[in-house]
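Below you'll find a set of structures to go through.
There are two complexes below, and they share subunit A, which is joined by subunit B in the first and by subunit C in the second.
Presenting the complex of A and B:
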């Protein structure tokens, strides 16, 4: 019952990442973009491995991991984000090409960590994968070594990341004390059937308080990584300092994978409702949405503005985790998929516009006169992020708010009813607030004159491809969401 | 020496670490405080293993994993500190103020 073959995509990708490092050493011409091309090809190979296991019966559980449609969907989304990041790197000039092999290998290793993360059912395994992601992304964020902003962002990322890891580990030690194991799920002795680790499920027995404390510390640790308020301070600084493709990666892949882990841990393995943590999670969701949206209003740098916007977006996704019903589960998956398309799209346009070195709002002045197509594309992504129908963001938000209303209707006591209804109401109000700052960018693009001597942003084939795919996704799934919803319904199947 | 003593030692170390990480101005100092927090968890794990779950060595091995991973993390952290020291000639947190808004 070891089932190592379940992790084939991760193993393939790790081998390819290490091979990439070796190839980089013997490459005849340094300073080439070849590693980036090898990088996205490797990610594509791993994606093929994931897709191959998406529908078949080659799923199950190993001692520390579990592979089900749910985890495979998150792995596929992570790999898509990695492929996009490599494509963006191909047209980003500030990264030193002499280190491109290292960069590609680190990005792939961080993807491996994210993929293991959504499959983990053991806290130690979870911790090691979390650190694999963290350590590689610290280096990626500080990759422009001569750029002070990049240094500063990386050091802040590192300090907050290490601090949160330490909190996570302390929670892990308490969990071990309460449960006598680091597993969240055990395989029963007689073969393949799965059962929840009973001391955890029956929860608050003699060891209840310690277990509760452990889960709180773990939630705090995850909260840092997923940038929940009040653990969000590092996000804008890191996003502003990191190289643009890395910012795109950080705003999408780790965020979504952590949401997947939160969903698995706090709704399936150790239900938050059983620990009485639903109210706390709801409070975190409300704070995350509100603080993210409110501070975003005052930003003049578009990188920071989108950073706060991504904090708020995580708040919306949290609604689905709080509700813990099947609608919420599907909502999280649906919104994650849509979020990748619209957020990557917005960051890609930002990269194209910011090529002249400025990511300030004024860089967008008069974009419609310089390049109408680019301005319209950006407007579509921003409207989708704000949740305006008929774009894909609306469908995702609708699902999440509907899940909150449904949970409120089904709740037993009137106080928990109020929690869920409040979530939906705050979510809707926040969507309205967010329209203001998204429209601020649109205002700069369409209603302000362009600066003198500013030309149309140059867009190469790779950026164009990324933009086309994201735009097609946002438009198509907004108008005709049925195929996506059907896929999410299939992927919402989870073990046990 | 009972389990309680060990847990109190762990909790004290953890709190000292949190306090240091939040109040130190020197980045190396913050790093050391974070190491204290990791070691608090290690003491907990070893103590729980010895007193509550003596049938296996899971707690000890987990502590070993944590020591290794924390070392890897610190290596990256010190490299970043070196990189920023080359650019700004400072290791004090308040000197890193390019990013704000």
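Presenting the complex of A and C:
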């Protein structure tokens, strides 16, 4: 009945994480890279296990969790991000040599938290997973202890995290009051067949405002990790301060996993449209993209610029969750996958360029003269983030905006029609705005002369591998998206 | 069959080669990378020949294979469904011959260029461009999806642009490249509209599906006419038909091998090929067919007349290309699909030959001007011989390849409309005249420029070998392809269409006689050491010569139109800035200023006093607020978040 074997990858990873922490005590400094290698290899093995079950239609459920193609897909994406982060760590020099085991352990634990998150069907379990992610990320963000910015970011992150946890728990208690349980989904055995039902849906009319507030608070609690407005204030400071691989990880993995959770909770288990929260979600999406994009324009630090850009990107993905139609679901999955490739790519280039010590825009001056290949690669990622065809970002955005138009067409009342059309229009306008600041980096790379003492950024084998994979993904799925779309369609259909 | 199954590789191999050459290695006049390009195109040539062999030995044509490319949801008749856009290859008879033509000419031109372009500062890049062009051209030939065809069509145009302007340091090639690009783009507009129209109507870009749609009679004649004319528009741009041919003579500023490849054998034939590929639409639209026929005939005649007075050796050939393309178009319009494509194939051989010969001559004497040549036959015997063969082939000397195809076109056209036949027959006579004029001026007579003549020498083997190969093809291709109606059976399928009124047998011979007469005339006028008769004629017909020399003022008309547009835009700008702005903007401004002055008085006396107080306050508050936001204090962040949350909660509550 417990079906614990379903969580085998998570369990193995947790055990390994604890072992790594122990190893750290006896590991000599000159072997400091070993934990990273162990980390990415174990994540790769877990990934292989997850991918092997990707197409199996339904795998079963435990009392608090459910494992289906949808969760497997998000687990795979999380693991991919973790692998990439480990590879980036191997070429990041500011991490302390003596504690690499701890670092690797925390990263793995964080990944475990994210993987459990997308499987959870109980709010308490969700909360614990969320905290597992949060607590390990706090420490990861402040890992450069000599760097004051890193410390500052970590503290802010921690304070904000504590605040949002409180909100989440408050929402959780309200939910318990409304539903009488912390479960989002209950399995009941009718004879031989399993059936699923959602406790709150049965008494939806009665609970009224309490349930509404509960869902709003839960949404905001999730919003903290996904960096949705108004829970985004921590993002730039933390991204700027955190070690570069951690920034890459934070900008991708939690965001994607939270999108998965939101998709499951707010479109299927407790549909936002049933509660009348569609307008609010749409407002959040619009605010998230607009705030992210407009503030990004004024940033001179590329880390901060990309931080705001990632806020805006979350806004685009939210569109798919608001629309809650099949196109939107596919769009969220598709864009998440594409977003990993292009965002990781951009951050990787940034890490390579930032090796010289500066993450300012001026560090990109004349990159094309120093390393044409790197500049072109960065340009591809930025163009993809901006949604320019024929790159993968365009396909993803096209899907999301098409979902909004489709939802608008299918909507019953004219006011909800307007909401969806507004979403699409604001999304397109925001894409145009974003072109400006993405092109600012391109401008620095191609049209400004390099500084006198700057040299070509050194790229080792691991960075090169990450860049190659990301670039291949962005180009290939842009030109020939069919395999990816087909995979996403399979995963989206089996969403319970 | 395996060759057919891997037909898609033919387009992809040169593409890979072009990127390899472009990005691999350093720019070096002696770079070894061009051999990659030659090897790639050699491979494609072998594949194409394999496909041709398979087709001759009875493989089922057309061969089609599709892969899904991307899909999107759409709604038709209120039913949502997933539209699947395929990408694929469609190999039919015309495609087989086009493949062989493109790969063969490209192969020979690339070998030729080894010597012709050797030592150029951008030697490597030149080969990358050539491979890129070949890849796009082959993509155009094999694609079964008209959208992909259009993409390749544009890529071909782009390659032509960068190759014409290859020596962009000089202003003429840069200008010519721009002119070629913009002029063809004008035609592409029509093609693009036609494609959109097709998709709206048929719901597919797949050629077989469109063909089925048309053959079942779902497409009205009006729609077919509109689409066909749009396609013709694009074809006229690319295949240099009247009045869009103005770009082709200028395109001769590019390297001569490029002219041979792009502006003689392959790209300019793409228009004809596209019309042939969409022939089922044209046959459903009789008006469009007539337009094609008359446009072709008109172009053929106009270009031939202009070639007579031209003195630049490459431009004579350019006009001749335009004229021959007119022949092909006219044949297609006169229901002669086989004849048109046959001429396309043979023409590719002898025109590429003639261009490469011209290149050989230019390489030797470093000028394009025929008035500075003469008497080169002794210095360059092989070039002379091959040019002679090419000239005979294009003039339609019996049993050479041009004779077969031209004869077929003339017969076909005669059956369709005798008036068209008369125009084409005259044009054929003129063709022989100007081609032999070229031959006499260049190779025979006295050496008019002693200095240049002294330095001339026969070209090295990478240049002469392609000449010999093409010369042999110019001699035998016609007979080989006409053998047992081989070409016809492959293009139109095993069923040969019945010919209602077979042309009288005297037809072909009378044209041949006229051609012979015009050759004699050319020999009389230009064969001797002096050209008194020619000069006298020129003086007597000065206005006509001037008209032809100015290319019927078509250039001036087009530039005039552009200038007119420019003037119109300036006028509109002037109206906008001087009239509308003056009245509505400045006028309003004056009114507003007056009002502002009044209100200023009021403001100063009454309000300002109060404002000063509150103003000071708001500046303080605003500044504090700004510094608050920018301060980056965690507790403030939390406060904003809490405020935002409360606002959202309130919104939810009172919604």
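By definition in this document, the second predicted complex is superposed on the first by the 472 of 496 C-alpha atoms of A that agree within 3 Å, B and C clash if a C-alpha of one lies under 4 Å from a C-alpha of the other, contacts with A are read in each partner's own complex, and residues count from 1 in each chain.
The rule is simple: contacts are C-beta pairs under 8 Å (C-beta built on N, C-alpha and C of every residue); 3 or more make two chains touch, one makes a residue touch a chain.
Please read all numbers here as calculations on a predicted model, not as lab measurements.
Asks: Contacts for A:365 in the overlay, against subunit B (first) and subunit C (second): which applies, first, second, both or neither?
Replies: neither
Asks: Which holds for A:167: it touches subunit B only (first), subunit C only (second), both, or neither?
Replies: both
Asks: Touch check for A:24: first (subunit B), second (subunit C), both, or neither?
Replies: neither
Asks: Which chain makes contact with more of the residues of subunit A, subunit B or else subunit C?
Replies: After superposition, B is the partner touching more of subunit A.
Asks: Quick check for you: in the superposed arrangement, does A:301 touch first (subunit B), second (subunit C), both or neither?
Replies: A:301 contacts subunit B only, not subunit C.
Asks: Is A:234 in contact with subunit B, with subunit C, with both, or with neither (first, second, both, neither)?
Replies: second
Asks: Kindly classify A:10 by the partners it touches after superposition: subunit B alone (first), subunit C alone (second), both, or neither?
Replies: Once the two structures are laid over each other on A, A:10 reaches no partner at all.
Asks: Looking at the overlay, does A:68 come into contact with subunit B only (first), subunit C only (second), both, or neither?
Replies: Once the two structures are laid over each other on A, A:68 reaches no partner at all.
Asks: In the overlay, answer first, second, both or neither for which of subunit B and subunit C A:153 touches.
Replies: A:153: touches subunit B, not subunit C.
Asks: Using the superposition on chain A described above, determine whether A:181 touches subunit B (first), subunit C (second), both, or neither.
Replies: In the superposition, A:181 touches subunit B alone.
Asks: Do subunit B and subunit C touch any of the same residues on subunit A, and if so, which?
Replies: Of subunit A, residues 155-156, 159, 163, 167, 237 contact subunit B in one complex and subunit C in the other.
Asks: Please name which positions on subunit A make contact with subunit B in the complex.
Replies: 124, 127-128, 131, 134-135, 138-139, 142, 145-146, 148-149, 151-156, 158-159, 162-163, 165-167, 169-170, 172-174, 176-177, 180-182, 236-237, 240-241, 298-301, 304
Asks: Inside the complex, what are the residues of subunit B that reach subunit A?
Replies: Of all residues in subunit B, those touching subunit A are 10, 14, 17, 21, 27, 30-31, 34, 37-38, 40-42, 44-45, 48-49, 52-53, 58-59, 62, 65-66, 69-70, 72-74, 76-77, 79-81, 83-84, 87-88, 96, 98-101.
Asks: State the interface residues of subunit A toward subunit C in the complex, per the touch definition above.
Replies: Contact set of subunit A toward subunit C: 155-156, 159-160, 163-164, 167, 209, 212-213, 216, 220, 229-231, 233-234, 237, 276-277, 279-280, 283-284, 327, 395, 398, 402, 406, 409, 480-482, 485.
Asks: How about subunit C: which of its residues touch subunit A in the complex?
Replies: The touching residues are 68-73, 75, 632, 634-635, 637-638, 640-645, 648-649, 651-653, 655.
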